[in-house]
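In what comes next, subunit A is part of two complexes: it sits with subunit B in the first one and with subunit C in the second one.
Entry: the complex of A and B
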């Protein structure tokens, strides 16, 4: 009988009731250990660049504007929210927040830009510098310190983003030297 | 402005066409998740259609790979005129981890004009619903660019310092 089967269906459906979430009108909490958008605490950050070295999507860019001023640019457009940066941060300056409502019509809305004040070493007069020891990367890359903030990418010698002027500029860039006493 | 256009042209329902352009299927599963009774986007009138000719909205997932580039453009051209494109996932938004590799064009923006980006790897079903609700004008935009500074630092401080050192005689004496 089709009618009894329909009644059965209705009774079956009545048991769980309405399960649909009223999401955009009611907030929905995230599950435990959810990794949302990372957030930088600029008071804690020391500018070591470990997050940019370990970022798998290479979306954290570091650029020194002058000796004391370092810009760290996080461009969330290609971030995979893996949480490596938060794990590696020695000062625990990066936290994975519970923010997931990131939909936007402009990709610039997703950026976070930090301007850090770097202290100089009293002995050598330089800022904290991290050498790129990987030989293969040293062949290919011009160092993470000369990231191209305009194109949102590394300056690699092997891609079409490679800009000779920028390379020349970064080659000719000299740190201001202090006079030895 | 876009939300006004959306309100004007799609007062009742959005018919979406799901276009996979070399995605890892993570975002596609989340899109299917959105259509289940639990999240039920049909209450907004959103319906999945099989052909781009019936669609108002293209849900584009995956960083557009080289073999699919012209196919994505073809599907975009086949859609009737008031159309929106949603880039879903990190790959469609900015190219993902493969943004500069030889076989990926680096994001959906390189292929077609994308109106809304929904980042996430994969985005939660709620995030996709939020993006669609943003296009419909039901919710407000929450993302905004952040700029943080430790100190206000004048960029020409080095030149000033250099000029001061040049003026000062003792540095010259020390040089000698």
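Entry: the complex of A and C
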């Protein structure tokens, strides 16, 4: 009984042979639907903030610096990669990439920041994204979207309302800290 | 054979003036009794003697509504497919209840939990010690009370330590933990040994208590909780996500698409296969039989890749949400699924045959961790631990959820009463899981997988659900609340009752069998282990490293 078991065990081990992968020396491809690090396509994003509303880990921050400038900040350090943002995005601007080797010693590497230029609807007064929706109004503007914030001269109308404090606040955004008793 | 009606009538007759009201909900499967708190103990005893099995107690702070703290004891009648909930309350400024622990030992932890978290008092509790809160948590702050903020961090204190139980005379104490390979999480066992024989044990755990229930009832909304629930357990994530979604759907009266039920069933069974293979490997490793470890994990890897293909991740699938599932199973994935499970069935059989007759395995597992059937029933143990000891319970069959009502499967029950029985039950359940997946793929109807609902979930609805996790039965209880989040959500993971039965399982066993006995209830394993041996007589402490205990365990 003991011996037959041992023979069976030897066969059990010999038959499959070595199955260990050579990873990380050989990359291991991930399946089609893999939920890796999310990526925002700023050409497609309209700044609706649905991803931020649905983020289960609350790791996407949306902040309006002024009427025309909306900053979206994604902080991956506590992202759970559930992919709900990608599911919910009406413009399919968020994709779950195949990247999974994300270890880093700098948290900034894990942060994605979008600065979206918005326009105000003349009827309702709420802002909307202009890049995708309004080609005519785009014509009288140069260098939107890719500008950095120092060149905010390009923003029409509300330069005087621009909130430097808010910008600083969003630049220095940190996770909420604990309450001491 | 008791029915829900007969229980209700009998209790109403006996305690006419003490039962304020009763409610039968959810298709006659759940009976809620409102009782005066003086009769908690006799009513619970009556329910147990009618054949009820204690599940869990739920305490909640109802201070802003009625000025009371509520306490709900829950019982399951498995053979008769219904549950009984006993609701009672006491004023918040003097929350004193009768303890039911002297009669139902498994209620011990639930009651200690509410001593800590809600400031309740239980008269007659045999061991009213601190259970959940850290040793340096200040007296008088009860985190589950509504006035305590969720992110409160009181200052740390020094020189505080948990007082271990008195060591029996003539015994030495061997502390195991807080970090140890055979422990599910950082936890501390003080094992009382006479020579090599274990004579008792005290447990101090909950070192990774993060207050998820508080967070989910004060901060996040219904839709975000499935993802947090999934992270309660690394192995049975889908189980907790399903249980949570199910209990909210039940309370809110949401009916999910049938196809989603089937996909949930498939996900749960995939998880069962991987968990059983993982446990089989770990059990082999603990008794020094690494062939099983390597081979079981080799077989398991296929399931992990399959899950990655279906859901996008090896673990924490993120599939299950309230209202259904997030991803559909395409025909190609179904083909893959069938191929993989067929392969797994074949390879598991090979492993099964190779170890079934191995006398070395028998010697290490037969008669180890023995419990009688009465002890198991008395301690309300669940899952493979109970089924290996001739207790025929399985939530999938007894309280069908998802698509299990349409599945035909056996519940393997063996009567070896020891760890070997657990090994057998777990292997046999892999075959049943394969059977269920095949049926589910075959019978799966078409249609949508996610039901979108727009009506708010009504507040103050109570509901309970059981889901059979690989290592036992998980129980979720929810009281729906306002502002799109639950008022109270209570999770009882399968290890919660099983760990309470461990001292009984350890009694009179050899210390070298400690890892496999604790391992047999399937807690998770951390790799950093250190065992400190304190000789009570000389007071000297010596440290045994991981290697030595493992060697000790393997040498046997």
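Rule of thumb we're sticking to: the second predicted complex is superposed on the first by the 109 of 181 C-alpha atoms of A that agree within 3 Å, B and C clash if a C-alpha of one lies under 4 Å from a C-alpha of the other, contacts with A are read in each partner's own complex, and residues count from 1 in each chain.
In the analysis below, contacts are C-beta pairs under 8 Å (C-beta built on N, C-alpha and C of every residue); 3 or more make two chains touch, one makes a residue touch a chain.
All figures in this text were calculated on a predicted structure; none of them were measured in a lab.
J.: After superposition on the shared chain, which partner residues are touched by A:8: those of subunit B (first), subunit C (second), both, or neither?
T.: second
J.: Return first, second, both or neither, reflecting whether A:19 touches subunit B, subunit C, both chains, or no partner chain.
T.: both
J.: Between subunit B and subunit C, which one contacts more residues of subunit A in the superposed model?
T.: B
J.: Just checking: does A:33 make contact with subunit B only, subunit C only, both, or neither of them? Give me first, second, both or neither.
T.: A:33: touches subunit C, not subunit B.
J.: Touch check for A:115: first (subunit B), second (subunit C), both, or neither?
T.: first
J.: Return first, second, both or neither, reflecting whether A:56 touches subunit B, subunit C, both chains, or no partner chain.
T.: After superposition on chain A, A:56 lies in contact with both partners, subunit B and subunit C.
J.: Tell me which partner A:77 touches in the superposition: subunit B (first), subunit C (second), both or neither.
T.: Touch partner of A:77: subunit B, not subunit C.
J.: Once the shared chain is lined up, is A:87 touching subunit B (first), subunit C (second), both, or neither of them?
T.: Only subunit C is touched by A:87; subunit B is not.
J.: Jot down the residues of subunit A that show up as touching in both complexes, subunit B in one and subunit C in the other.
T.: 19, 30, 56-58, 80-82, 176, 179, 181
J.: Going by the contact rule set out above, which residues of subunit A touch subunit B in the complex?
T.: Touching subunit B: residues 19-21, 23-25, 28, 30, 40, 42-43, 56-59, 65-69, 75-82, 99-105, 107-117, 153-154, 156, 159, 161, 176, 179, 181 of subunit A.
J.: Mind pulling up the subunit B residues that touch subunit A in the complex?
T.: Checking each residue of subunit B against subunit A gives 2, 37-40, 43, 90-91, 93-97, 99-100, 107, 109, 115-121, 123-124, 126-127, 129-131, 133-134, 138-139, 141-151, 153, 155, 157-158, 161-162, 165, 171, 174-175.
J.: Of all residues in subunit C, which touch subunit A in the complex?
T.: Interface residues on the subunit C side: 138, 141, 149, 151-155, 220, 223-224, 227-228, 231, 291, 294-295, 298, 301, 305, 308-313, 316, 318, 326-327, 350-351, 353-360.
J.: Which residues of subunit A touch subunit C once you look at their complex with the stated criterion?
T.: Counting only subunit A, the residues touching subunit C are 1-2, 4-6, 8-9, 11-13, 16, 19, 30-35, 54, 56-58, 80-84, 87, 96, 176, 178-181.
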